[in-house]
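Quick heads-up: structures coming right below.
Look at the two complexes coming up: chain A is in both, with chain B in one and chain C in the other.
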Partner chain A sequence: MKLRTLFVGAVVVAAALAGTPAARGSDRLRHIVLEEVLSIGGLNEETLFQWTGVAADDEGFIYVLDAMDYSLKKFDVRGKLLKKTGGKGQGPGEFMAPRLLDGSGDSLYATDQNIAAIFVFDRNLEFKRMIPCPSLIEHLKALGDGRVAVSVLGFQEPGRILILNGEGKLLSELAYADKGSGPLMDSISFVPDGRGHFYLAYLFQDRVEKWTVEGKRLWGAKLLGGKKTGTKKIASFVLPGETCLKGIALDGRGHVFVLGGRLAKNPSRDVFVLSQDGELLTTCTLPDTSHCLYIDRAHFLYARGDDGITLKKYRIVYE
Partner chain B sequence: MSERRLRHFGAVPGILGGFVMAGVLSFFPLWAASGAAAPASSGVGRKSCWVIMDIESFFCPPCLQPLLDFCRALPAVVQEERVQGILVSRAPEAGELAGRRRLIVQKKWLGFRQANDIRFSAVMDDSRFFSGFSKASFVILLFDEETQSLKCYSLPLGSAQIEEIMGHLLK
Partner chain C sequence: MYKTAGVFILILLLLSGLALGLRAEDIPSNICERAFFDCLNDPMISSWAAYGTLYCLVGYGFCKKYIDPA
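Moving on to the complex of A and B:
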């Protein structure tokens, strides 16, 4: 009798727990903590000077683009520099202003701010080829199977995400932006979820969105209370001033991580964590300002330290 | 050095030129007092060209291109013997934060210098003497011992200005 009572009680408790938000997929998240597990570079080393792009592979190797010495670097899991390539120039594999980096399979995809093409390296940092792109690249993500997604900078045109194959052929296009929103107002960081969706964070608008690859907007969210960026005039152009959001990334559980920009409460440090449905679940704050967020497949989050001379790797602890 | 000559030479207003000269005379009295041609030396005050660099530029790699163009125009030996860099901060910082930022900037300068084979060294303007000097990110001060004058240029430079500076430094 006592055993039966105990069993029934356990079932009741389990049923009650199953009904709580804590047990409903990504909605269960209430709090996260970032634990620093690795720091690369820093004041006492000469490995990083102004890193701009980062990617990590499944074996834990970390790849970093450095704009100050025009290089692509490879580090092991302990942060030891294994190899460096690139250099300043316009020859094969050389950079003038390296910026974005992503990886998929054996390939690393890098961009140069002033070149309308994607540099392809292998994981041993050997330059392989260029993928031509119709315009300068604002953001880049590898999609697998040799495909890449890029958002392109059209100064007077609405923003678009282009999906290109390995030869640069346009496979599909996502026109996400409003017409006439103004120069650079369509600038985004984006991340695909691998299931036919794109998450977008607007750099100069308080706006996060989820789209299907076919071009249907599923939801939109504001994270900064609808703050609007100011403007500044450069020559005859009126351009947006400070950033609202800076970057977006997905963890393996489907949570959407958005880095707040200069207009966030803690500028360039606040991280907003959303569910796949756009619900704000929790926030956390980076110890140092960052220009981007990257999350690898093992749930490690990478961000900037010391204005770009340090790369920080954090374990995401879910509570 | 007359105010008129400073205006004539400089790319900066006359009042600013006067400020510069006053600053040079008070900041580096030994050099100013000697009046002699600047010999090849590691002493800051003996270099005949100073490159004043706003440290904020080192947080924006594309902003460094005018400096790079200038450096490319100068032969290595001229950079080593005649040029001195000065890193200045305009941000109102103090204490530990300022100290850390100083180290970060020095690190960035090191990386930039190595990657671009820049041969001149740079010192930090800890006294913040040049903080309010110019709105330009990069300013060149050229000391012309022959005419006992100071010329001031803001980057980016035109080809004629580069020729003028080269002509002076290669004398």
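Moving on to the complex of A and C:
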């Protein structure tokens, strides 16, 4: 009887210990390695000149916006250029300063720095239409069902993420920034998780945040030890000087990847990997500096090489 | 007579040098800051008033993210 009681007790204690955070930690992500699987463009090629936006679809096709030749390009899974569209101009489907790109369903959504609207192409790079936006666009993500989320810069209004339908009608709005934070201080990259949350990384503040789409802030984290950007007075404007966090992406396993900016230890190369709850799990370093991060649905990570002449695709190895 | 003229020219040179020095400090050297400065002073963009300023600010943000050397 005593032995049986002792055995049951031991099982109960073991089960309890297995449920503690320390024990669960053994299953936690400890290390990430990036293995390069594809490189598109290069210093001796004329494939890419300065790519800005990237997206990939479920079949492995890669779409790239190239600022220096004002175009949208489609590559196959091996990196072969299949098609190119766009061109310099202000006509339908033409660009003056192409910047952001994302895809959902059969549609690709692109932006131009100087135009308060979203360009819609199909996956065969045929220009379809424009979605009007209330202001110039800082960041863009496709949400599915023809909806898009954009962060816009207001002249004196705090930063907002707007959710628009395919005609540009405002469906909802997430006001994430405080009033009076100063020009550009609420500039963000963001990524939706498809479950009603947005993750935000601030370009000129050491802040990562998780918000509900209804506008409730769930958590905030600092990744650079609370470093503050310097300021520069230009004409009558006091502008932030150094970038803090340049990009944010989700890997489909619930990890949040954040690219550090100029104030990171390895500027524009350090990648911080967080849990959905904002806990820093690990970091890794890109071989080359990048302006953004993109992770496709097959968990491949895309980043810049050679100042934008090269697009690198990495397999994420979890250890 | 010559002495007075010499002093006068020297003062003029000093003043113009000082003015040039101050002007040089006004023009930023960083690529993005210089682009923002030029954008604000572009006659066409400045005619757009508040939208012109917004246009320059958006350009500055993208420049800092995409072009400014890490």
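Basically, the second predicted complex is superposed on the first by the 292 of 319 C-alpha atoms of A that agree within 3 Å, B and C clash if a C-alpha of one lies under 4 Å from a C-alpha of the other, contacts with A are read in each partner's own complex, and residues count from 1 in each chain.
We take it that contacts are C-beta pairs under 8 Å (C-beta built on N, C-alpha and C of every residue); 3 or more make two chains touch, one makes a residue touch a chain.
Note that the coordinates shown come from a computational prediction; the quantities given were computed from them, not determined experimentally.
A.B. asks: For the overlay on chain A, clash or fit between chain B and chain C?
C.D. replies: Aligned through their shared chain, the two binders fit side by side on chain A.
A.B. asks: Considering only the touch criterion stated at the top, classify A:T289 as touching first (chain B), second (chain C), both, or neither.
C.D. replies: A:T289 sits against chain C, while chain B stays out of touch.
A.B. asks: With both complexes superposed on chain A, which partner does A:Q113 reach: first (chain B), second (chain C), both or neither?
C.D. replies: Both chain B and chain C are touched by A:Q113.
A.B. asks: Taking the C-alpha centre of chain A as the vertex, compute the angle to the C-alpha centres of chain B and chain C, in steps of 10 degrees.
C.D. replies: Roughly 30 degrees separate the directions to chain B and chain C.
A.B. asks: In the superposed arrangement, does chain B or chain C reach more residues of chain A?
C.D. replies: The partner with more contacted residues on chain A is C.
A.B. asks: Quick one: classify A:D69 as touching chain B (first), chain C (second), both or neither.
C.D. replies: first
A.B. asks: Once superposed, minimum distance in angstrom between C-alpha atoms of chain B and those of chain C?
C.D. replies: Nearest C-alpha pair, chain B versus chain C: 5 Å apart.
A.B. asks: Name the residues of chain A shared by its contacts with chain B and its contacts with chain C.
C.D. replies: In the superposed arrangement, which is not itself an observed complex, chain A uses residues 50, 52, 67, 97, 113, 308 for both chain B and chain C.
A.B. asks: Using the touch definition from the top, list the residues of chain B that touch chain A in their complex.
C.D. replies: Those residues of chain B that touch chain A are 58-59, 61-62, 100-101, 103-104, 107-108, 110-112, 114-116.
A.B. asks: Could you list, by residue number, the parts of chain A that touch chain B in their complex?
C.D. replies: 43, 46, 49-50, 52, 66-71, 87-88, 97, 113, 306-309
A.B. asks: In their shared complex, at which residues does chain A touch chain C?
C.D. replies: On the chain A side, the touching residues are 50, 52, 67, 97, 99, 113-114, 135-136, 138, 153-155, 183-184, 187, 203-204, 232, 234-235, 237, 239-240, 243, 246, 261-262, 267-269, 289, 291-292, 308.
A.B. asks: Which residues of chain C touch chain A once you look at their complex with the stated criterion?
C.D. replies: Going through chain C, the ones touching chain A are 28, 30, 33, 36-37, 40-41, 50-51, 53-55, 57-62, 64-66, 68, 70.
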